Amino acid sequence: MMRALQTLVMALACLAFTGVLATSIWTISGNPTPVNLTQLLTENMGRSGVEHPVTAVLLNFRSYDTLLEIGVLVIAGIAGISMAKTASLEDPAMRTSDSLLYALQRWFVPLMLVLAGYLLWAGADRPGGAFQAGAVLAATGVLMRLGGSPMEFLRPGLMLRLGLALGFTVFLLVAVASAIGGDAFLAYPPGMTKALIVVIETVLTLSIAMVLLALFVSAPVNDAEDPEEGAPS
Amino acid sequence: MTLNTWIPVLALMTSLIASLVIFALPEKGYRLRTAVNLGAALLKLGLVVVMVWGVFRGVGYGVSFTMVPGVTFVLKADAFSMMFAGLSAVLWLLTTIYAVGYLEDSPNRSRFFGFFSLCVASTMGIALAGNLFTFFLFYEMLTLSTYPLVVHRGTEKALKAGRTYVIYTLTGGAVLLLAIAWLHGVVGDLPFREGGHFTGSDPDIHRSLTLIFILLVAGLGVKAAIFPLHGWLPQAMVAPAPVSALLHAVAVVKAGAFGIVRVVHDVYGVDASSALGLLEPLAWLAAFTIIYASVRALWQVDLKRRLAFSTVSQVSYIILGVSIFGPVAAVGGLVHLLHQGIMKITLFFCAGNYAETLGIHRIDEMDGAGRRMPGTSVAFTIGAFGMIGAPPLAGFITKWTMGSGALAVNMDWVVVVLVASSLLNAAYFLPVLYRLWFRKPAAHWPHERQWGRLETSAWLFWPPLLTAVMTVMVGVLASLPFSPLSWAELIVLREYSP
Amino acid sequence: MTTPLLYALAGALLCGIGLFGLLWLRHLLRKLLAFNIMGSGVFLVMVGLPQHQSGPDPVPQALVLTGIVVAIAATALAVVLIRRYYHLSGMSSLEDEPSPRGDDPE
Amino acid sequence: MTLWLMAGLLFTPLAWAVLTLLMNFTWGRLVTWVGIVVQVLVSLGLWLAVSRDGGFYYGLGGWEAPLGIELRVDGLAVTFVLLTAVVASACGWHAGVYIDADKPWHRYFWPLFWFLWSGLNAVWLGGDLFNLYVGLELISLSAVGLVALGGKAGALRASIRYLLAALLGSLAYLLGVALIYGQFGTLSIAGVVFWLEEHPVPAGSSLALALMVTGLALKTALFPLHRWLPPAHGIAKSPVSALLSALVVKASFYIAARLWLELGEPLGNLAAAQLVGLLGSAAIVWGSWLACRQLELKQVVAYSSVAQIGYLFLLFPLTYSVSESVTLQAQQGITLQVISHALAKAAMFLAAGNLILSTGSSRVDALKGVSRFLPFSLFSFGLAGVSLMSLPPSGGFAAKWLLLQASLGSGQWWWVLVLLVGGLLSAAYVFRIYRASFLESSETDHFYHPPRSLEIIPMILALLSLGLGLVSAEVLSVMALPFEEEGSP
Amino acid sequence: MMLPEPLLVIMAVCLPLLYPAMALRAAWERAMRYALPVLPLPALVLALGSEPGWQLEMPWLLNGGLWAVDGVRRLFLLLTAVLWMVAGIYAVGCLRPDHLRRFCVFWGLTLAGNLGLTVAVDIGSFYSFFALMTFAGYGLVVHEGTNEAIRAGRVYLVMAVLGEMAILTGLLLASAAAGSQMLADLPEAIAASPRRDLIMALLIAGFGVKAGLPLLHFWLPLAHPVAPTPASAVLSGAMIKAGLLGWLVTLPFGEVAMPGWGALMIVAGAVGAIGAAVLGVCQQRPKAVLAYSSISQMGLMVLMVGVALADSGRAPVLFSVIALYALHHGLAKGSLFLSAGVSLPAGAMRRAVVWLLIALPGLSLAGLPFTSGALAKLAMKEGLLENRLEFALAGYLSPLMTAGAVATLLLILRYLWTLSAKLGTGHNPPMLVAGWLAAVGVSLVAFWWMPWEAGGLVESPVWLPAPYQLWALVWPMLIALGLALLTLWASRLVKQR
């Protein structure tokens, strides 16, 4: 009874929320925005070093967001591998001996690698970019993992952590390099914008893929536990 | 910053730093701790003496800085603050000596002496505070630093008493804070000033001022143990004797009374308070407290509880004194601040001696203790007679001055209160004295301890005797310069003709 | 009504659904899914709402891209935690009762 | 010079996060301690620079708002940056000794710690709504990671709850951001304010503010959205709890307060302001009440955070349609409350950790008889309690004083009662701990003395929070500094 | 260079005040005992050796101290010093060793109070010494520690405290009215004060407690008998006079005639004088009889005080008479009380001598010619001659005095009667005898060399009354004797039955 009532209240509340939100959206959409950012963006595209506006926003105008976003991703990766305390990659249950999967793997892995490379490269002037590429790369890894590839580098260790940190580190070094020169943090040295963005995109792709993969293989279970504070040990 | 700004700060710091040093000392460091304690107490006494002399000659000691936007932290030495500072400096020294002996071999001494010093630092701060805000600061600090002393024994009873104490005082503090904040909102930051601020003030704010005054008195009245806010005091008796002595004679109750005097004299001003019609009800309240607590004291069988109710009664003398609109009565009230302190600390020292030496806690166990402990008992007798108001002891000077003052302004009922209180005091003290001196002692004391030559430990023996001698001296030599009475006259002179 | 507006309104609906799910559902994975639905709704609102004469606004698209990454990170972390929690305690919800499903007697 | 300081401020925590990720716990500790020194110096330098020259806007990547992201480096922000440096370095130092170096997964503590720090700095300085969102997420995820670090079921449970709450809060905030962007076409707070100064308020934009504030209130654990906080703060390792209670909840509140102060007047309304204040009051009362009833030491402290957070939300009613001086007083009061609570709560959690280490139990009862051993930490705990009770001369007291003044000045006297009752209630739970420690027990004969360094840190923090009241005028004066240049919209 | 008088007065007060400090060492117990008679020595020297008129100012003392001796005070000081001294000698002999130090402490304090209040002129120190005497006196009263003594002590204490409070209030009111802290300024101010009657009532009642005013006297017959004999002597001889002195120095004599108060006091005095006698003759114990005799005698003095109040013109004359009477009564009563503690020697001749010496001071009280009593009685009679007085009750004074004289002798006879039943045969300690003999000697002989003034009422040579005076003195005695014989006969008759 209580549960039903609760449900009803919640449903009504959410309905009301949706209604209010929709009304608000309707009202807002009626009037144009006072600041036209698109125009401003178009005006500054020339200085951004890339052709695609989304990439320009992501990696130049609002690169700080992206830097922090990669940070978030690294955090997730760290938190994930912190849960995986022992190497459980050899867990036989994780391996599949499905022949279809095996075939799929043989065909798809190269294709996906190529796709990832393309997405990365296209990011400069078309939709695409590091994240998309990284996602595809990670999918490749998942496929291989499911297929039973050992993938030693995913074992928690220095290699994995280096991989996690690589993209972020490069981004950060680029960010600080210009600051050392007296410019603003995250500013690209004039003329090197495009090159640097490509470098960053590349390493980011690797790192993103690494993080996602790490998260995928993390969180297997073992019984090693950390006693809580104060509990009798 | 000149030396004159530093002296009050130093006076404050002596005990503050002493407290920190003591906290850091190991429990076993008996000698070093005692040395630090006594050294700090002596140093503070010296500083206070210097300031007393300076204030007498009209030197201004003080320091101030903006603490919170709009509010200044002010330390200032005027005649009244020196009275309280002097009291706490002198009695701190004696109580420290006493406490060293009292707590011999008991646990948690570092903690005790640390908080003890902190408590005195707060008292010093209260004395030297130059405005209500600063006063409140130290007032609350006092609450906090006395709590560990009250619960020092760590028994359930002590903790219960501590809880009562904290509930009362913190609530009082909250009310006080409200009042101070409100006052600040109405008129801004007011330094204590002789003659007050509100003489001839804007009639529009009179309502607020009246309400604020009530809140102020209610907040301060908790510590001053005005009826019906006195409930914590008798309970706090579970504390060790030096603490009781300090709570009752110097620090806590006096802080409340001191605050009320400050409010009446140096914030509102007597004229304004009187014009607002605030003094008369306060006087009645104080009078009622005096009588009520004395009556309650009659029925107490525990010696310290009886003394506690006596304190409740006696502290209201101070308030009664200042709430009589006249200079002579004010002198009586102010001088009682010191007199009551000296007398009551004597009594508590003695009560502690009985407890520590013979294990006596109840009055019916005191039969014949005078023969076993004559020195202590003489001191107790002097203290008790002082309380009764027997001449030429300290209490007499108070009553006489207050009575004269009340008559001077045609408040005859005050004399009736004084007489009734004296009778009641006699009624609850004389039986104790009778048991002490004229009853045959019981075969065994409840819990006797032996100390070589003296009747009790030398640390315990001398402080009450010294305060007893002081009780006699401040009475007999009341007209000497720098005696409490003369000093109170100086304060009132500056107050009534600023 | 323009197409982007329709997206935005759909986003609002998704938000409502996601919110309801997040509040009402008990199984943690479902809650997580509800969160993702709500997230999608928010992203839709974000992309759909800004109205310009000059075509789609690339800034919100970039923002949403960032948002998605963040959401993925959060989701991944949540899944890791939930799995581990499930393996340690055998529970898949946060109800106080030790019973795994926490259903009421109805 | 200032630019280098800014770069250093942004770079150091992120760089150290990466560095420590590559090391084991022991090395990470060493490196962290170096990093702490660097970061503290940088923060201090920035604070000095701003307090000398005034605040400025810092365009990242050389781009100005609204196209790029601008950081708003003003007195308040640098004060909080400095506060973060103090508290975080204390926690980092403490954690280095406190946390068991032998557990391999503890190596991940350091990177999470540094990411948290960088997220906090990003939030204090952030002037861009979306960037604030990312900063918030950075904080939330690293905080969740820290809570869950190597945890048992209980910790996981708490961290999942925490994560879900944080995510929901973030989404609500993001939805608000989306609406704002749809409405104004910019993400810069300054830009929105600039526009609103000269134009009438467009219809439908109140929801955006409401959503953002609600989301942030959830992340700040405002009553009745507080249920996630006590388990998370209570179960985490003490240095982590300290970080969470002292800084993390403040970050989301900081954004909410900033939004309210900038946009509240045009977009908010009186009822909402009073409602938030009411919820804050309820938090004070309810949180304190629950804190009194907890059996575990750290839960007491955690519920105390719920109550103390309630005070912060009194900012809303006290700055809505009141005179300028009252607004200023309220702002100053809340700032002091944030600072003093941060210091005091960090001290308290660290001290509680030490006490738990000493007594070997996390229960309040276990403190029985402890005071005989004169643990330094108990004293630190007590001093921090003074600030929580807002007794003088602590910063908490100065804050309460200013809030009292503001309430009286604005005529909203009901908050006065809340403030006073709140003080008494907090005294109730603080004294409960004192009481437990003063009880004499003959059973306590064994007592582990934690290393001196563990004991000194909470003491320093507690003394800072205690002394804050004495220097609050100086601290607040930095806040009121003028901007070097007007921010461009 | 300090004048000898101030030095002496300080010594007189401080010696007994500091003497109790000797009690700190048990080894000094013997010294304490033998020091008892020495304590009042400086006071005695002061009273005998100095002329009135000097004063000692002590501005630092209380509210400003002033000590001085004038004619009346000198007489009271003399009485006090002498009586305490002889009682001290007696005490050396009679005290038992238990609680000796306690007794000595209270003795010293009481003495200090008694001496101090006599010389104090400022209110503060006067009241201080008065209170000191009162409270320390309690220690003397309950010294024996018997239940009776404790009960008496309790009554004493309650009455004393109430009295103290009345005095305090009265002094406070008077001082406020006068705006002065000196006793000398009070009478004038009281006379002019709107609260005159209240102040009068408080002071009369307050000091009346000490002076055994009827209805305020209850403690007296209880306390005096139970105290150790020397203490009884000083209680009844000296301390009771402190109340009288209080009246003399505070009440507004000579300022304005107050017939109402005068009449009240006269009635009170009469009731005291005769009523106490009636009650006294019914007592069984000799010291109780003496206590009632004290009340009775004080009644006569109260009578004189009343007259002085009623007739302001006669007040100065009556003052000296009252002082004279007080001196006489103090000395005589002191020796009578001391005689209650002696034991009779073995030989009949010696017994007769002892009985004579016991009886003589008593007869002196009754006004036996050639004794101090005769002088005092005559002076009183002259002082109260009705043709010189101008108020309503004057006519009743003469019969009252006669009745008083009859009552006095009756009480003395009763005392001797009860004493004869109590007095045992035995050996007296020499100091005891010395003290007693000294008391008798002072009362009968040394009195004549004391600096009293008869105010010109009695012709010289004062010790030799004129024949008509003789008759006036003797016939009430004869009546009393007759009554006593009658009673004796009647009681024999009853016994034979």
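Observations
Letters A, B, C, D and E mark the chains as written, and numbering starts fresh at 1 in each.
In this text, contacts are C-beta pairs under 8 Å (C-beta built on N, C-alpha and C of every residue); 3 or more make two chains touch, one makes a residue touch a chain.
Computed from a predicted structure; not experimentally measured.
Listed by label, the chains touching subunit D and subunit E alike are B.
The chains other than subunit D, kept where they are, group by touching as follows: A, C | B, E. Relative to subunit B, the most remote chain by averaged C-alpha coordinates is A.
When every chain is reduced to the mean of its C-alpha atoms, the one closest to the centre of the whole protein set is B. Taking each chain's centre as the mean of its C-alpha atoms, the one that lies farthest from the centre of subunit E is A.
Each of C-D and A-D has its own count of C-beta contacts, and the greater count is at A-D. With centres taken as mean Cα positions, subunit E sits 114 Å from subunit A.
Centre-to-centre separation between subunit B and subunit C, using Cα means, comes to 66 Å. Remark: subunit B and subunit E have CA centroids separated by 44 Å (rounded to whole angstrom). One simple way to say how far apart two chains are is to compare their mean CA positions; for subunit A and subunit B this gives 70 Å.
Under the contact definition stated at the top, the residues of subunit A that touch 2 or more other chains are 21, 25-26, 28-29, 33, 36-37, 41, 62, 65, 69, 72, 75-76, 79, 83, 225. All chain pairs in contact, by the document's touch criterion: A-C, A-D, B-D, B-E, C-D. If you check the complex, the residues on subunit B that touch subunit E are 374-375, 385, 389-392, 396-397, 399-400, 403-404, 407-408, 415, 419, 422-423, 426, 430, 434, 437-438, 440, 475-480, 483. Looking at the complex, you find that subunit A touches subunit D at residues 20-21, 23-29, 31, 33-37, 40-41, 44, 60-65, 67-69, 71-72, 74-76, 78-79, 81-83, 85, 158, 161-162, 164-165, 168-169, 172, 175-176, 179-180, 182-188, 225-232. Those residues of subunit D whose C-beta lies close enough to touch subunit A in the complex are 3-4, 6-7, 10-11, 14-15, 17-18, 21-22, 58-63, 66-69, 103-105, 108, 111-112, 115, 118-119, 122, 130-131, 134-135, 137-138, 141-142, 144-145, 148-152, 154-155, 175, 179, 181-186, 191, 195, 199, 202-205, 207-208, 235, 237-238, 298, 353, 356-357, 360-363, 489. On the subunit C side of its complex with subunit D, the touching residues are 8, 15, 18-19, 22, 28, 31-32, 35, 38-39, 42, 45-46, 49-51, 59-60, 63, 66-67, 70, 73-74, 77-78, 81-82, 84-85, 88-89, 94.
Residues 2, 5, 8-9, 11-13, 15-17, 19-20, 23-24, 45, 49-55, 57-59, 61-63, 65-66, 68-70, 72-74, 76-77, 79-81, 83-84, 87-88, 104, 106 of subunit C are the ones that touch subunit A when the two sit in their complex.
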